[in-house]
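Notes follow once the structure below has been shown.
Labels A, B, C and D are assigned to the chains in the order they are written; within every chain, residues are numbered from 1.
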Amino acid sequence: MTGELFRRLRAASGAIWPAYTRHDFVLRLARGDLPEAAFRRYLVQDYLFLLHFARAWGLAIYKSETLAEMRRAQALVAATLEVEIGLHIDYCRGWGLSEAAMAHEPEALETIAYTRFVLDRGLAGDRLDLEVALAPCVVGYAEIAAERMADPATRRDGNPYREWLDMYAGAEYQSLAREAASALDEQFARRGGEGRFAALAGAFATATRLEADFWTMGLAAAR
Amino acid sequence: MTGELFRRLRAASGAIWPAYTRHDFVLRLARGDLPEAAFRRYLVQDYLFLLHFARAWGLAIYKSETLAEMRRAQALVAATLEVEIGLHIDYCRGWGLSEAAMAHEPEALETIAYTRFVLDRGLAGDRLDLEVALAPCVVGYAEIAAERMADPATRRDGNPYREWLDMYAGAEYQSLAREAASALDEQFARRGGEGRFAALAGAFATATRLEADFWTMGLAAAR
Amino acid sequence: MTGELFRRLRAASGAIWPAYTRHDFVLRLARGDLPEAAFRRYLVQDYLFLLHFARAWGLAIYKSETLAEMRRAQALVAATLEVEIGLHIDYCRGWGLSEAAMAHEPEALETIAYTRFVLDRGLAGDRLDLEVALAPCVVGYAEIAAERMADPATRRDGNPYREWLDMYAGAEYQSLAREAASALDEQFARRGGEGRFAALAGAFATATRLEADFWTMGLAAAR
Amino acid sequence: MTGELFRRLRAASGAIWPAYTRHDFVLRLARGDLPEAAFRRYLVQDYLFLLHFARAWGLAIYKSETLAEMRRAQALVAATLEVEIGLHIDYCRGWGLSEAAMAHEPEALETIAYTRFVLDRGLAGDRLDLEVALAPCVVGYAEIAAERMADPATRRDGNPYREWLDMYAGAEYQSLAREAASALDEQFARRGGEGRFAALAGAFATATRLEADFWTMGLAAAR
């Protein structure tokens, strides 16, 4: 069954995982009562995040050992630069945020911490280290959206954040997340071994903590 | 006159610079009324910082183009791993902090943000990018300590933080900082040009902001 | 006028440049009397080269400072992985070389030397260092093919290597090479300065020498 | 018993290993009838090699996960920059080669290939990948010298290369090589697993092949 390494990493992170996936930001977004200022802050920083996300997958191309690995990373860079950033810009425009304004916004401490932590893991270690540090984001967002869509407390009609939930709960993103989890298994078989698990779990937990801090940063804008 | 690039970078960072060098943490440390909890928090995170500082200079060895450049970076790694970390551990012991306890403390968001920002600048760019991102720390600490020691408001007798000020205001550290500033000039002449200034100033300002956040993190422990 | 930095680098490399662009391998290919064994050896190693070429542009994505820079590097990775490698495989099949056979061939000393030299320049330096090390290949191939197609000594009818010349002399590749040369100028303005020229010229000359060695490796297969 | 991974890698490289350790260059050096021009060529390129060897261990500092790992890498950089390069320069002076002359000599194709291959393995992979690529050099030289000193065909008296054999067969270097082999075991336990063996063995074999090419380059100077 695929996703085995991801499940072990998630289990090893203990309470850190739900503190991220069931963060107040997420629960309020699902209920539709997240302050708009919090969401706008999140959207702007998520735009800045995407630039480094594309850099991380560019690095993954460099770190590939097979043509298949290279092509998967290249598809993710292309999806980010050609599709996601565009969709994000369109979506943000609907929230009154222009691309120029977002590009000039300084990166928040939390954005810097998560993105550069990921890049350093990827450069100091190998591609498995890089993908493990990215997993709380790539795989976690799929879990967050699916879990919230399955929750009766989630407001479906008239929820201003419904589009966000639909995107990450949708078949396309869920499938991308499953592929990312499978890739972790494949790499752990090829480059891992039990001896590596502790260090990978440590990095996964730190990355998850930094993702939770990202939500907190959003909420802080509404205080 | 040496230190020209550093002075230009500092000037370009505007109010961000004194927000770091005259941060409340620093002023209270100099007056001797910084809460001990704030200083202890700082010491623990500074220990974790030093490990990444040594990694950054290791990276500088890799990125060197001349034997002289390599030797300067190697001397800084050696000083960090063989002297500074030892002194830091001794000093912290005096504040009731054991090395084992510090090594097990999780890195604060602010520690992760500054250290990984520096490493990413160094890996994405060249050695000048790396050293510019390190300058607010390496050169800035010398300025902070010298400025405070020259300030009549600074308490010299019975100040529990006097040793910290003496170390960074001392001849040895001041000389190390001057060499670091000179190295910036030399590299800017050899690898720079006016076209690079804007990007270097942007990275310097971000690094300075992250250093100020590091002080804020210390203070937060005393709230 | 664009291509200024490339022209200066080429001029600074002196006799090293024509030793590459007018190498016996090239002249005989144009005359149509290059031994087939030499061309086959070249084709196989060029396939292995392309994998590292894609890695180099993946690294360029990571090293990008703007969205535009990222997109240009991403387009080159995509072109390499989605188009060029496929065309190369088709073309090689016409020469009796299967993809599986090429993928199992050991990399020649000359292939390792050039590809890893480029990657190290890119990692030790910045994106300009990376693109300068790639320029003898990217821009040089366009010059080689154009120069040979303009040479009356070149055999056009019945030349078994005509397709190779047509591809690199064609409008599409010539345009890609011009863009690469323009990108050098843009980066030299933004990240360079006269102080950098000597080191860039040194790396360009070494990369050119390694490209000439690549032709020599091809010829050696026919001895 | 230590050195297990090294022994497995050596066994997996098959005939590639003795083609390096019992290369004609080595056998003639031991018999004392290696042409001096071959040895001089080797010495000059070995000087250029050492600069990249120091860079590789600088990179290892950056890639360290523990203070102990950092200290071992730092000790090797220090030994290279503060001791080995100096000894090498002194030794070369005895052979009529000045440091200035060596520093201006262009790097041979073989020097570039091996050094940059190692650095790329280290950057694309993790520290284990880096140390495996360095092992044919670090551990191999100890084996080469010990094997030759145990061989009755080796000329001990009046052999102009005796000092070279004594240095690498000496207790100090043999101990350094044993530590390097132990470090491989420790890292394979901590970061490896059987799944990684095939790729590590592939890189080890390529690095060994490139080391043999380095001897061949030396011999070629005497043709």
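The definition used in the following text is that contacts are C-beta pairs under 8 Å (C-beta built on N, C-alpha and C of every residue); 3 or more make two chains touch, one makes a residue touch a chain.
This is a predicted model, so every value here is computed, not measured.
Simply put, of A-B and A-C, more C-beta pairs touch at A-C. Over half of the residue numbers at the chain B-chain C interface are used by both copies of the sequence.
Chain centres here are C-alpha means, and the one lying farthest from chain A is D.
As a whole-number value, the distance joining the C-alpha centres of chain A and chain B reads 31 Å. With centres set at the average Cα position, the gap from chain B to chain C is 43 Å. Taking each chain's centre as the mean of its C-alpha atoms, chain A lies 37 Å from chain C.
Among the residues of chain B, those in touch with two or more other chains are 55, 62, 119, 123-124. If each chain is drawn as a node and touching chains are joined, the picture has every node linked to every other. Partner chain D is touched in their complex by these residues of chain C: 55, 106-107, 109-110, 112-113, 116-117, 119-120, 123-124, 206, 209-210, 213. In the complex of the two chains, the chain D residues touching chain A come out as 62-63, 65, 123-126, 129, 188-196, 199.
Residues 51, 54-62, 64, 67, 70-71, 73-74, 77-78, 81-82, 85, 119 of chain A touch chain C in their complex.
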